[in-house]
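We just call them A, B, C and D in the order they show up, numbering each chain from 1.
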Amino acid sequence: MKIVGICGSVRAKSLNMMALKTVVGLLPAEVSFEYARIDDFPMYNQDIQDGPGIPAVVQRVADQVRAADCVLFATPEYNWSLPPLLKNGIDWVARTKDQPFAGKQMALMGATVGTFGTARSQLHLRDIMIPLDGRMMNRPPVMIPQAQNKFDADGKLTDQPTMDVLKMFATNLVAWAAAGKK
Amino acid sequence: MKIVGICGSVRAKSLNMMALKTVVGLLPAEVSFEYARIDDFPMYNQDIQDGPGIPAVVQRVADQVRAADCVLFATPEYNWSLPPLLKNGIDWVARTKDQPFAGKQMALMGATVGTFGTARSQLHLRDIMIPLDGRMMNRPPVMIPQAQNKFDADGKLTDQPTMDVLKMFATNLVAWAAAGKK
Amino acid sequence: MKIVGICGSVRAKSLNMMALKTVVGLLPAEVSFEYARIDDFPMYNQDIQDGPGIPAVVQRVADQVRAADCVLFATPEYNWSLPPLLKNGIDWVARTKDQPFAGKQMALMGATVGTFGTARSQLHLRDIMIPLDGRMMNRPPVMIPQAQNKFDADGKLTDQPTMDVLKMFATNLVAWAAAGKK
Amino acid sequence: MKIVGICGSVRAKSLNMMALKTVVGLLPAEVSFEYARIDDFPMYNQDIQDGPGIPAVVQRVADQVRAADCVLFATPEYNWSLPPLLKNGIDWVARTKDQPFAGKQMALMGATVGTFGTARSQLHLRDIMIPLDGRMMNRPPVMIPQAQNKFDADGKLTDQPTMDVLKMFATNLVAWAAAGKK
């Protein structure tokens, strides 16, 4: 089973990447996990697509998504919505041939320094996946507020209630990915 | 009176820019209108802000917004949400000192080749402006579907019903901008 | 295979009921379809639940939903959201024991006299089903604008493009319901 | 100055009513505050409007709203959206002649037993007020999580951080209402 992870932050000490890595560490050995890199995409402009065409870096991620049984998004929240980096990654991949999010199992999680843990950006990300026909897992919600207090200096999760949620999330994620296998 | 316009598309033949220019052409002579350029911003990453700091190109737009009585957004819709270009512009400007969208009068419009005329991306843009305390005009909604059939080769609006809506929009926009003047 | 239909309007000449009946007429013979009645529910108030308990009329619908392989919602749009009648039906059923929307395959459609065909109320209905873990079908979207011009006096659909969409919808609905069968 | 309050819950021990009353207690003496009662409205059905007409209980609230400088909503959150009671109240009032929410200053607040304090139902309530042209205050957000632990047996607010937010909210509310005075 293959799961591909897409993180909406490329900060050196990204809390979302810490959370994502925590989930990856909880996956069983038979799951092959790889990250998809979206920070080397140009800003989306249809004129690029219509002219030079889909960039190779975009096609590479599209291929990763197509080959995966499930996509796992980790999204920050900026101004109650997702970061432009993540929207840019999705918009580009969505324009590739036989767009690969269609019918794909997927799940989302998020962490913030604030009190709402990406409740709003997750709603927007879900909206975005409707026209792309992504099949988003619902439970358990993973919205980690005050995340800066829940990881140590090495990025290790130290908050037990959050760990309990992530364990349930990892378990459900594997079942969700399996449900999508042809 | 000053109004600053921000377009979410930099395509050479952007339908949203055509619609925006049409509205600008309907504004009375006493309104000073200028465009804010957001396509030379780097992709938002808080590490840039925390390291090198706010880019000069971002600060320039922040100053334009602060000096304006009203901001006018023209937004495409990609996958039921706003383009990464526009989200990136907003997220950057929102991080400048005394963030300039706070308490600012603003309005939005959009055009698409599809049938819903940016109904969904406008909802997301409105959501985004809540935490930033933007004061978004409600009426009339400007959601131009099948826009590719409503402008001629020179970008001139040829659809009379759309022109009627844009005239009302321009009138209300001036009143809305005036209501925000100190 | 069993599908249960819930209509958000009880108007005598409800366009949504006409659209719903059209879909029902397109279902293959092996599908058993029944309507769930929600217009005899009291207005939701948790004090009713905590006192007299779940009304029998609510439990009846909860049982219908649980027994079904799929739920089909037809929703009008009032003020960019769903009608209180439909929200009330959902909120009540959601409070029954082993809430029956959890893990349930479902789909939604809508018709309006306006131009956006319930694009916004469908977004809200999808949001509502996230915490309830409903599994909402994505394609094709069925948002019927100007519906008053698309049905004849007997409630028969006369618009061929809409009929084509509804046929695809009915086909996908059966496959979606089948995917949820244990 | 007149402010009218509409509460989305009629529970005997409604946390939202407790929160609303707390705000009312913080308003200066020159503000006249009254509650609008929406729990005696029939479930919205356009056939009622087209037949017997707008119920007198609805017209009474429409008149209250029209006479007010500002409307204050207190909304619970059921399944990530507003309660049917509140949607029903709004939908009915919105159908009265010269619908009175148009151009009206308004604000919203909410309390929940859960962790997100009505973050999602407030988004939906804001969406609903866009087509009605309500002018919703943005700051400060009042989303009271774990509200059951923040009021005593008499409904008195005992949580100081929440009280601080409500004081700022009451101050801003008066200024917001004043800004809308003709």
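The working rule: a contact is a pair of C-beta atoms (placed from the backbone, for glycine too) under 8 Å apart; a residue touches a chain by one contact, two chains touch by 3 or more.
Predicted, not measured: the structure shown is a model, and the values here were computed from it.
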When the contact pairs of A-B are compared by residue number, which of B-C, C-D or A-D has over half in common?
C-D
Tell me which chain's centre, taken as the mean of its C-alpha atoms, is farthest from subunit D.
A
What whole-number Å value describes the gap between the mean CA coordinates of subunit C and subunit D?
28
Distance between the centres, which are taken as Cα means, of subunit C and subunit B, whole angstrom
36
Distance between chain centroids, defined by C-alpha means - subunit B, subunit D (Å)
30
Among the residues of subunit A, pick out those that touch two or more other chains and give their numbers.
120, 123, 127, 130-131
Of subunit B, residues touching subunit D in the complex
123, 126-127, 130-131, 133-135, 138-139, 141
Write out the stretch or stretches of subunit B touching subunit C in their complex.
115-116, 119-120, 123, 143, 145
List the residues on subunit A that touch subunit B in their complex, please.
9-12, 39, 43-47, 78-85, 87-88, 90-91, 94, 120, 124, 127-132
